[in-house]
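Two complexes follow with chain A in common, the first pairing it with chain B and the second with chain C.
And then the complex of A and B:
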């Protein structure tokens, strides 16, 4: 609780959180204004998909930077060393700090998208279940990339390192991962398609996209080929859940194991 | 009491501390002196358990370092050039660190210490507006709140103007029944505050009574 209180006070008095939230608010309002011509019943779904596609590009890089710099500041300000020579171990520090960063980031976003329901209600027929799925997808996505950001902050010893690693991670998930999978696509058979599927859904962007789009009913899994059936051997929500747990767990474990105390 | 025996620390092939031994007895104020890069920070980091010790032993009040959980209640540490949390107020900074302790929060003690370091009036101002001297005094207040018998201060007056330095000296002189290891480059500070000097050079430590060290300085021996 102490860390959450401190993180909240620090965040509300600095620019990072408000800048990120401001961008999200502007993007979601712009999307809404552009969607006002859509029909009353279908418009809601189109808006959600467009909004998600709009957010998916910059939310990861924002979360990577917020998570990483939040940890790095503790090194720069020497508060990390002060804490580690008290009651904290690296594990407990990173655990409490991760929880605090995640809560402080997620709470205002959650509140905004709760308020966002008001103009949505005024323009479209809102399905609350589907809106909830959208929120789960977005918040899950934020969780994963913020935790990867914490990992980057934990292993970095300079701000330049953070910038470099964050851009590489973002580039990997957006472009490189798909390129690598595309290059092995001709070799995919019925025997190895499950392995391919695991690699494909290891990318949080693909896992969350499939979760949301199938949840909104954009995909039908009724008439799939046998190959596609094997590819979708788990439901999208399980792929999403496992992906979430995998990246949060791996990022946290690596942040603890490869932690560097020093930071200039 | 701090007891270090045959401590060796290396970075790659470079040996920074070579079979170093040092004892700081109860209620001694010992200055850790050495040129830049002599290994003062490495020595302090080893003491605090921030660096793994491969060769040698470190005992704090007779306990070896493996019992780290006991150490945290026995050594308070203030690093060099710390910044704390600039957007929080002085009081909020102190409160955060006070709450990290397993001991129950004592706000009366916080007030007493903040008054002692002359920051009670400025406690509600964000510390990004504090001068270097004020920030250092806040750091000392946070360290003193821990109420440990042993205190390690890494260059507590580094970069502070003479008036600010004097204020810190006065605060440190007011400490009683504390064993202090203080890293410093200032001879006048050492003269005023310390009872002993641990001189670190070429990976070795030699301990002197402060008067002997000052005399050696005058003779050009150090």
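And then the complex of A and C:
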């Protein structure tokens, strides 16, 4: 509990959390204002899809920075060394710190999108179940990249290092991963399509997008070809869940194993 | 005494009316009515199935329902001049093994009016079988949804039926919304079709008019196949978004007029294959993954005065180079911000051709999984890289692209940026520096 309260007090005083929240608020309001022409029944889904597509551009990089700098601050202030010496192991420290960072970031975002429901209900016919699904997708997305950010902060020894690694990670997931898959796409057949599918859904952006669109009932898988059936060998929800667990687990494990105590 | 009373009570319970208000035989009422009579139905459930063999009017009230027995059509109309109005119809046969396809209302004759019907739990909603000059208006058909294809039929099934008027209907969750099969000269206005396989499944039918209809959340908005002379105007094709979905499919469809329609947020706005001489004019095609997918087997299409903007890929030609026109009488299409086009003489027509090159055509032709990547930002990198390596091919050349000039806001953006810059500088000066 101390970790969470401490993290909250530090984040409230810093600019990072407010900057991230501010950008999210501005983007959601801009999308809402652009959606004034949408019809009553389709507008809700149009807004959610457009909002999600807008958010994925900057949410990953912000989460990476927030997670990384939060850990790095402990190194800079030398509190990390004190904690590890006196009472915590690396595992317990990173566990509690990760939990604190995630909660402190997710809580205000959740509150904002709860408030956001009010103008939504005024303008469109809102399906609460689908809105909840959107929230789950977004918060899961944030969880993954914040945890990867914790890993970056754990292994880095300087702010420049954090910035560099975060940008590379963001570039990889945003562009490079899919570019590599596009390049090997001509070689994909029934024999290797499942492996390709695993590689495709390893990208959190694709896993979350597929989960959201199929959950909202927008992306139908009726009349699938054999190839597509083999590609979708698990449901989008399972792909999403496994992706979440994989990246959170791997990031946390690597953060513990490759942890560096000192910052410069 | 007590025993006798309790026995009497049980007797009354079991022998009394089994269901409230369902005692009148509707078929008898119809058979006894004279030609031209109006039968006012009460607000209750009547037992089907019924066959109407004389011109009468059946008018229901708020909760009037005719419930079939599940063995055939709930209502069969076998006379001309019948009116069915304000009635709920449900529970036709769902049998797929019989030679006949059953429906809630099956019409075999001409000149009938079906108005304000609410149909559910039936195989087809309304089936017109060689029935002409009928009116279907304000009918609501609710299918079973869940993308069920085999286990249910279509909302409206129009079979060898001509000159019908189909207006203001709402169809949701059926197999296809409307199925036209050898049906000519029909007018279809102001309908809403959602969550079906094909909102409009249209085959071997000519000279029909579709105006002001809305097709949303279907696997395919409208599939027009082997048909000619169709007029599609002012319709909206929105959010037909699944894998390989489309707003409008033209397959072996010729001489059709596609004008003033909106194609928005579809996987593919238009998908044109083996089609010739169609005019696609003044449509708004935007925010689709692929604006227009045009197979080389199609020729002599005319694309003019369309606004094709903000699509991931504006247009792609597959299977070789077709012979289609991207302008007519020196008026092309407005491509939005897809291409930088100069218009120095300010005549709203570009000073040079709009040429779009893409390398994705090969991937799309050979590998259906390519569609999964269209929303990824990696697509733009893929296209740029292949452009540099000269692996792109010209998808289309619009010799007279339209250029719209937005209202002059020359002053606005620099002012906004200036104000932002001043605010940031002031903030930075007032904050204490952190080490």
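As a working rule, the second predicted complex is superposed on the first by the 264 of 264 C-alpha atoms of A that agree within 3 Å, B and C clash if a C-alpha of one lies under 4 Å from a C-alpha of the other, contacts with A are read in each partner's own complex, and residues count from 1 in each chain.
Going forward, contacts are C-beta pairs under 8 Å (C-beta built on N, C-alpha and C of every residue); 3 or more make two chains touch, one makes a residue touch a chain.
Just so you know, these numbers come straight off a predicted model, no measurement behind them.
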Which of chain B and chain C A:78 touches, first, second, both or neither: first
Which of chain B and chain C A:9 touches, first, second, both or neither: first
Which of chain B and chain C A:88 touches, first, second, both or neither: first
Touching partner for A:227 - first (chain B), second (chain C), both, neither: second
First, second, both or neither for A:206, with chain B first and chain C second: second
Dominant toucher of chain A (residue count), chain B or chain C: C
Residue ranges of chain A in contact with chain C within the complex: 41-42, 45-46, 49, 53, 174-179, 181-183, 185-186, 188, 193, 196, 200, 205-206, 209, 213, 217-225, 227-228, 231
Residue numbers on chain A that touch chain B, as the complex places them: 2, 5-6, 9-10, 13-14, 76-79, 81-88, 261
Residues of chain B touching chain A in the complex: 48-50, 72, 75, 77-88, 92, 96-97, 99-102, 126, 142, 146
Interface residues, chain C side, partner chain A - complex: 147, 149, 195, 197, 216-217, 219, 238-239, 241-243, 245, 265, 362-363, 366-370, 372-373, 375-379, 381-382
